[in-house]
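Some structures to go through are shown next.
Note that subunit A is present in both complexes that follow, paired respectively with subunit B and with subunit C.
What follows is the complex of A and B.
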């Protein structure tokens, strides 16, 4: 009970102290919360960029890079894009639990029953059916297609909203570039941040795709490649690429046991060796397997500009702390008569310390609240200046907690030295 | 003025003084590097692109209907588009091209003379040469200046399906890389026979200015589905007028197209550097905040100082120091702190520059810029100290008698 009343007494004293030097405390709270807010906004961006998008199995999902390029001429390094026949070799292996072979494309989509001729620009992932299980795509209606060939598609939540106003559209038919394909599944809202299955070509912060189509069908229909492709042969359309040296497919595998990684590696190396023996693999064999987090690092997903700015905002926060510290010092100095008086009538040094700490914790709480609001504001400003980051500018709850925590730490840190000094004033000198 | 005494007095307040000096140094370091970033971005945007960027419109579009899978239909619509656009008033020239200049990637290929395929191992930029599929109008639209040979003509368009490369135009830097000072006309490359060399335009701003390798062939009609961009050269000053008409003009030829971009080449360049500019702006915003915080600190520092030194200043006044002396004393003290801060700031600016260049590319700080920023900081600091200094000088000598 005594502790309780002491606490409320301390809080009361702190509030009185705040009231006595309003403008000074206002400046302290303002500078500290600006510092914390700016840093917190940056950390929110870094957090979104550096987070693991599929933590439950990121270690068991492997991206395959190979260097089966048919000329001695570069690229010498393993490529993240594969030829059709290389990718199919991976798909037919029974080592992985699931395999996804895909490329990114785009079509214009229209509901054939619609009276409007408006067609919606849709991002397409032309993929083998293993993709859905591998990437944990959440279904709202229907199911995935189960073969790589067939006039069936799965559509994303957003496109379903646009065309069918969010209703169950399984069984409906879409016209895609003049072809009719039936919807067999509709996804729930699906956020993958960063887009681990395709972080290259600056797509790491793109939204998930609108249409998922069977790979072979997309190739047959000649849906164009909307991401990186490399080729040593001339070709007129995607439909001709199966037997040519056109590199555009990406392959991911899911292992049920990461110990199988070496088996997979030797499977790939054996395949490359066979190509080499047949004279079709002039380069040294370099096949690489990266798990999700390794692949995101490889693709340099974390924006270097944001990192640079984070560095600057850490410096800025330290300046804010220095500033708050010298302001507090002058405040405590001005209040030393009161301190002396209270010491003289029996308050212990420890008590004075507790009271000072209570004051700075309270200061930290106020700072935290304002800092969280400011960090939202600074996040908006950052996106204004760096629009590419719009999809990842989210303040997650853990960042709000971090903001509060940072504010508390900074407030206490700035009060430490001033408190130490205040407690060294001798009673007699102050009362003289 | 006794510097030694001043230093001693500063040392008595080593904590606050130290904090202020550190603050000044960090502020200076950040300020210098932010200005460098802003200047760098300004330089990038002011580069000579070799293109009349203000008067060149880019229209990017894509058919939305399946009918366009019939390439002959596709070609006929595009031809009508080009004709309709060319007939708009104030349009000087219209061309069709598979990719835009001032981009990082796009359609790239290796280019070498058939007699020397090995050259691409000696010059790695030859592995990623921009391959433009376009038509004979491009030279007019981009106002190429011819250095030797001739521009592309309608006759340079190879027959469809022959798989021949045909004749090509190349940029000056590519010619220099392949043939040095010799003439390139009539030489056979893996991309076709060279008929002309044009002055460089900026193809990829991220690589050196003398590596702007590009090959232009009259082949876009054959590979019509790659022709996503119409380039329109407009009579000077009429860009907005034309911009408002292009959409309707194209859609009235055939409506099933998605025109996803209509912008000038100047906007295209700005967009290319949008993130560099954004970062510079963020840094400048942070600088503003930092200056604000530092000004508060300077003010608080002097204010605090007065409250503690009232007694001594009173004594000094009593011993005959004039108001002006006291004002000068407080200001000198401040300038001393600022000088130390700036010196430390120099080290901070350099180390921060090194640290930042791990993440982004920026120029090295130079002395001129550093001095300029120091002066700004000095002035800001002096202004912030002026009021407390004034107050200090107003302390009456009589204080001395009261506080002994």
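What follows is the complex of A and C.
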């Protein structure tokens, strides 16, 4: 009861103190809010870059890199892109629970029933059916295609919005670069941040694809490769790549038990050894399996510039805290008489400390609210300078909580030295 | 009520050591009204600060209402100040942004009283000094004398064992000074123990005991003979002037 009454009194005193020195507290709040806001905006970017996009099974999803380059001048590290026959060898294995082999492409899409001739530039993932289960793609309507060959597709939420206004388009037919393919599934809004299944070539912050097409169909139709590829053979189109040394497919596997990783590694190594023994390549056996988070690190998804800027914003926040602290020191200095008087009539150092801390916490709450608004604003500005970050410049609820927490901590940190000084005032001297 | 034995207070700067109080001993019994006089720099304020637990002392023993203050921590000293001592300062020391009510309420906030109890005590204290009708006023809306009466009400609200007044009329004109002195005398009559530092020999003469501090020590003689207040016709008339003044203010309010 007594504590509650003192707490409400301290809150009342804090509000009176804010009213008494409005300009000064406005400056303090603004100073801290800018510091916290800038840091929060950066942390939001780092959080989006460094977070686990599929935490429930990221440890069991493995990306396969292999070293089967047929030339004597191999790349330094195993390649993250594979030949068709290497990728198919992985797909044949019964060790993984699921396998996804895919490449990125692009087509122009149009509803054949539409009177408009407008075509939508669409990102395509030409993939084996295992992709959907492996990546936990959420379906709004229909299902995935179940074979790697067939004139069927799954489309993403955005494309469905653009062409069919978000309605159930299962059964509708799209014209894709002159070919007619039927929609068998429509995805819900699907955000994968970072885009773990294709973080290379600067795609880590891309949106999920518009169209998912069966791999063999895409190859047969000659849909071009819209990602990195390497080749030691000449070829005229993708449809010729199955038997050539053209490296463009990526492979992911999902293990139901991570203990099977060594079995998979042996399977890959044996396959590479057999190739080598048959004269397929002259290289050391060097195959790599990375889980999702390892692969994101390998792909250097976290932008070093953003990290450097985050460090700079921590230093900037420190400067803001020093500034706020010096402003608070002047405020507390001006209130020396009141501190002395309160001490004389019976307030203990602890009381005065609690009064100061209550003021700091309230200051932190106000700062937090403004800091969160500013961090949203700073994120928008960041995207103006770094457009590729547009899809990750998101303030998640946990960042809002962090922003409030940071504001509280900085407000309290700013008040610590002034409070320490205020508690060392000699009562009798302040009352003269 | 207040027992000081061989108290010393030494202020030390880089090069100079100043003995503000030197083997200072004083006993004040319950219900006494003691005037403390002495030249400037003699140690009167230091005595009042030590007595009011606003300042430490270096040597000696000090007992306040049966409680030895040596070795008490800050919280214990603060509680003693809050519960047993009421301060009246020369400059009133009211917080200008707070209403009269809030100023008087301040010490009670640290006592843990319920809001109804605080209200009762504040109203009673302001009633006692004739300012019950001005609770919502700000200090700047009151005269100097009225402000000092608010300060007295603040000191009284916690029902302390002893009132320490540091030249309470020092900033007031003679009429207002009389009002304040009358209130202090009334309180003393009701049993309050009061120690008042003053420069005014007339005020010192009015009280039942006065002591002098010279060079940080208690002088072992009395300079002023106490007046018999009841026999002073001038005082009678001043008292009636004060009553009239307070009554007039209440009517005005």
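Simple rule for what comes next: the second predicted complex is superposed on the first by the 431 of 432 C-alpha atoms of A that agree within 3 Å, B and C clash if a C-alpha of one lies under 4 Å from a C-alpha of the other, contacts with A are read in each partner's own complex, and residues count from 1 in each chain.
Simple rule for what comes next: a contact is a pair of C-beta atoms (placed from the backbone, for glycine too) under 8 Å apart; a residue touches a chain by one contact, two chains touch by 3 or more.
Fair warning: this is a prediction, and the values are worked out from it, not measured in the lab.
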Next item on the list: Determine, under the contact definition given at the top, whether A:20 touches first (subunit B), second (subunit C), both, or neither.
Entry: second
Next item on the list: Look at A:136 in the shared chain and tell me whether it touches subunit B only, subunit C only, both, or neither; answer first, second, both or neither.
Entry: neither
Item checked: Residues of subunit A touched, compared between subunit B and subunit C (which is higher) -> B
Item checked: Which superposed partner A:342 touches (first subunit B, second subunit C, both, neither) -> second
Check: A:240 contacts which: subunit B (first), subunit C (second), both, neither?
Finding: neither
Notebook entry, point to check: So, does A:206 touch the first partner subunit B, the second partner subunit C, both, or neither?
Noted result: neither
Checklist line | Residues of subunit C touching subunit A in the complex | finding: 45, 49, 52, 54-55, 74-75, 77-79, 81-83, 87, 89, 93, 95, 97, 106-107, 109-112, 114-115, 154, 158
Margin query: Residue numbers of subunit B touching subunit A in their complex, please.
Written below: 15-16, 19-20, 22-23, 26-27, 29-30, 62, 64-67, 69, 105, 110, 120-121, 124, 127, 163, 223, 225, 255-256, 258, 260, 274-275, 277-279, 281-283, 285-286, 289-290, 293-294, 296-297, 300-301, 303-304, 307-308, 352, 355-356, 359-360
Next item on the list: Note which residues of subunit A are touching subunit C in the complex, please.
Entry: 1-2, 5-6, 9, 16, 20, 337-338, 341-351, 426-428, 431
Margin query: Under the definition above, what is the set of subunit A residues touching subunit B in their complex?
Written below: 27, 31, 34-35, 38, 73-74, 108, 117, 119, 121, 175, 177-179, 222, 224, 228, 234, 236, 304-305, 307-309, 311-313, 315-316, 318-320, 322-323, 325-327, 329-330, 333-334, 381-382, 384-388, 417, 421
